[in-house]
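Below are two complexes that have subunit A in common, paired first with subunit B and then with subunit C.
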Partner chain A sequence: MAFIRRYIPLVTQSLKNVYIGEQRRKIHRWVAPTLMALKSRENKQGGKVINPRNTFLEWNLEAELYAFGKRLSENFDSDLLLQAFTDRSYVIKEEMKQKEMEFDIKMKDNRELAEEGRKFMEQYIQLYLETVLPKFPMEGIASIHNHLTSEKVLANVSLHLGTKDIILADEYPVDNYTLANAFKAIVGALLRSSGEEQAAHFVRDFVITNLQGQDVNEFWHIEDPWTMLTDLIAKTGSKLEPRLIGEVGKNTLLACYRVGLYLDKKMLSSGFGETVATAKEMAAREALKKIFGTEDNMYPINFKLNGIPKSSCNSRYQVSAS
Partner chain B sequence: MSNSNLFLKSAFVRAPLQNGVGRYVCQLQRIVLKFCKSHGGSRGIRDFIEQDLVNFAKQNPSVVVYLKPRRHRSPAVVAEYLNGDRVWMSMHLKTHSEITKWIEVLRTQQGDVSGARLRKYQYTDHPSLQGPWTPFTFKDPELNVAQLPDPKFGANNRIPMSATEKLRIMFEKQKISDEEVKTGE
Partner chain C sequence: MSAAKRVQQWATFARTWHIFDCKWQDPYQSAHVIKKYLMGMHKPIYHPMNDCGDVVLCINSREVALRGDDWRQRAYFHHTGYPGGATWTLAWEVHNKDPTMIIKKAVYRALKGNLQRRHTMQRLLIYPGEEVPEDIMQNVTNQIRQFRPVPTRLDHIPEDEVKQFPKVMEYPEDYVLK
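On to the complex of A and B.
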């Protein structure tokens, strides 16, 4: 692109005095072959070279770290923040360099902070999910929790907070593991510099909001919903009865069956499918959603809970997914 | 020109990282002002730097501002965004007020928006609230208690009336009215 931009003024200048009949800017015939030749030369030398942003002339790490804190409207301890951005690989590289030049400056990497941040984040996310989804069983909470603390999600959050250029690592662009690790370390640094509540709100605003617009049932795959439902119902002592309440297009490709589940002769849920078995399974899934309070028309998850919610482990039930 | 010939990548209206659900994060992360200290083309940007830049930096502490004087080259502004976009904009011969406005645009946008073609002006993850349609979706509730077969529900009334049938009915009507006229006498 830079090549074209550089030569477009030349092209347009030479065309200024020429009458152009059609409303189209002419691009010379040599432009495409030249760009192709340049591209092939680049490929021969091993692809496009991406220069790390921090090797540019216009780079000031101190200013970047200050702006990073301001961007998130948090007050970080500047030493801790720098430590959070220092990856282990960078420290190793620097130590090798220092050995060659025979001097020794101690550097701290972010492993300790990341571990601290990870612990805090996992604990807080668990408590938060238990509070906003009060009827959802433990296994479901655990799978949402796993999704939120997965490397992919954390790396995405980290990338969108602008850590990519600031991270000190031996490679550029940094991989997902480093990004996620840096994010955990940032949480750790915030925990140390501003306290638990501030760190909790940080995690809530950037990690838990990833659930916005998502269906929480999608994160938990229930292998056999019918068995799970009957086990749950058996505890209450009621009787569950599936009934075929509609069938259309029997023995055709477009067959559709509808099964309703009745609990003490009152309809609990209904589901449809191309066979009776699928319809029954869908009805069971629908019923489970109703019991867990995660129907399609549930209220959106509350992302504004302040403070760290209290644990209520005793009331939570566990469903054994067979 | 069809869309496939356009050099614009297509996009939907999306907020990066649920921005605003938790807290608002300004998406402009750094801005580099490149200018010449003596050339006339940089006049506007020099005025901007002298009069407005300190205020801009004070009001937006989350944006890192770099100044890069370059001898005898035309001025440009490079804005870098949190999603990795980089917007280059020439400020050659632009006046002070124009530059103020353009920098406001760069500050408030969320990335390289002019480099993307919006497919639609709205976006949703869940296009249907009702779920997939089934033959039971809009079923008449009366059918639940009806005793089938029932001519009311079983009648084949889907085929439109043929021309012959229409003619026959018209003829019948005419005949009846003729008879009525006769009896009237």
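On to the complex of A and C.
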């Protein structure tokens, strides 16, 4: 079809005055072999040639950088933004070229900005998570934080902001590391040009919102929930008691048990499982979720906190330390 | 899939075992109730293409009660496939031969005639009396409510209790009971 579409203008121009009685729905017998032949020729040449958009003649880097800032409604310093998009690999390549041609123009790469952006982002995300998930322990916050600042997430955000073509790197398409690095550098550039609050809101809107629709408990794998729960309960001096409150098809392969956890004879949580042990473990997980304020029916995470939240490290507890 | 989501799925599609006491119940009326449980139509997740049907255990199928003169009037048709192979068996004859047959046929008739029917029927267990194997009885966790209250027969009440029951009047000495 692609072949037909490509040549439709030629055909229609020559057939302008000819009456075409019916709409053609048929794909001709020659289309498939032709496309196959074209494909094999392409493969013989060494695969599909990808022409980077930034090698086109009318590519205007300055305009693209300006538009990039305006698209995000941010006011970037133009030099800083250019620096943020310059990868180390590009600088090395350029220097080699310049050495051959025997002249020297200094170029700055984005390592410094990326480092600055990374530090700011990590600090801010940590504070933000601590504020929106006030009862969640430190280990949990750390694992959510690790997820958000992972290369995969940042590269995804960066790619969809449209940095792929603007990044100056020696390879194309750029890999995830370069994309993530460029994003950190953009945060760094914004930090320098518009101040902390603006940069914080940028990180909030593009990175922290990745938690939308996700279960925060899934980022933190608790190895032994029962021990953790009993340790937490032991501090309060209450009595924890698991009870089998439901079972179905006991002698079948599809057996299902429900275990309820009772704290001072009041129900705390319940869990299901194919064995009593699994059900008890799941009940403990449910109880922990309840204690940490991250149950399935929790209020959605607030993505509208303005400014940089205040740190409140004193009240936060560490589970494994106890 | 996280552990929490996995057990949620497991619990949602758990097969419950129900027990239904057929004593003094109309099999054709009961069949429509049993059918709902067999197909899982009592669940909010019901869909014809999802396997959410439960198991139903019918006991006391020997004690079913047919309407009116049905024991003598109702005929069950069978054809062997050979010429002249048609037979019509009366309900009382079928019941004497196999006390589980009446309720089985009733549920089979209540189900829609599609490819699922025979698989759904596999989940129906029928016992003529109250004796059910122990391992099967252990699975049961729910009871389906009967349609009609089972009346107590006078000859099943102990004689002392009948004698002690308050009377409005005594029959005269010379009164002849029919």
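Basically, the second predicted complex is superposed on the first by the 298 of 322 C-alpha atoms of A that agree within 3 Å, B and C clash if a C-alpha of one lies under 4 Å from a C-alpha of the other, contacts with A are read in each partner's own complex, and residues count from 1 in each chain.
Going forward, a contact is a pair of C-beta atoms (placed from the backbone, for glycine too) under 8 Å apart; a residue touches a chain by one contact, two chains touch by 3 or more.
Since we're looking at a predicted model, the values are computed, not measured.
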Practice problem: Mind checking the superposed model to see whether subunit B and subunit C fit together on subunit A or clash? | Solution: clash
Self-check item: subunit B versus subunit C as contact partner of A:164, first or second or both or neither
Solution: first
Practice problem: With the two complexes superposed on chain A, say which partner A:218 touches: subunit B (first), subunit C (second), both, or neither. | Solution: second
Practice problem: Could you tell me if A:282 is touching subunit B, subunit C, both of them or neither one (first, second, both, neither)? | Solution: second
Self-check item: Touched partner set for A:256, first subunit B, second subunit C, both or neither
Solution: both
Exercise. Considering only the touch criterion stated at the top, classify A:209 as touching first (subunit B), second (subunit C), both, or neither.
Key: first
Practice problem: Scan A:272 for contacts with subunit B and subunit C and give back first, second, both or neither. | Solution: both
Practice problem: Give one of first, second, both or neither to describe whether A:248 is in contact with subunit B, with subunit C, with both, or with none. | Solution: both
Exercise. Quick one: name whichever of subunit B and subunit C touches more residues of subunit A.
Key: B
Quiz item: Of the stretches 43-51, 61-69, 97-105 or 115-123, which one of subunit C hits subunit B?
Solution: 61-69
Practice problem: Could you give the residue numbers on subunit A that contact subunit B in one complex and subunit C in the other? | Solution: 246, 248-249, 256, 258, 272, 296
Self-check item: subunit A-facing residues of subunit B, complex
Solution: 16-18, 21-23, 25-26, 29-30, 32, 61-64, 66, 68, 82-84, 125-126, 129, 131, 134-136, 139
Quiz item: Quick one: in the complex, what on subunit C touches subunit A?
Solution: 2-4, 7-8, 10-11, 13-17, 55, 135-136, 138-139, 141
Practice problem: Name, in rising order, each residue of subunit A that touches subunit C in their complex. | Solution: 215, 217-218, 246-252, 254, 256, 258, 271-274, 278-279, 282, 285-286, 296
Quiz item: If you look only at subunit A, which of its residues touch subunit B in the complex?
Solution: 57-60, 63-64, 66-67, 70-73, 156-157, 159-162, 164, 204-206, 208-210, 212-214, 246, 248-249, 256, 258, 272, 296-297, 303
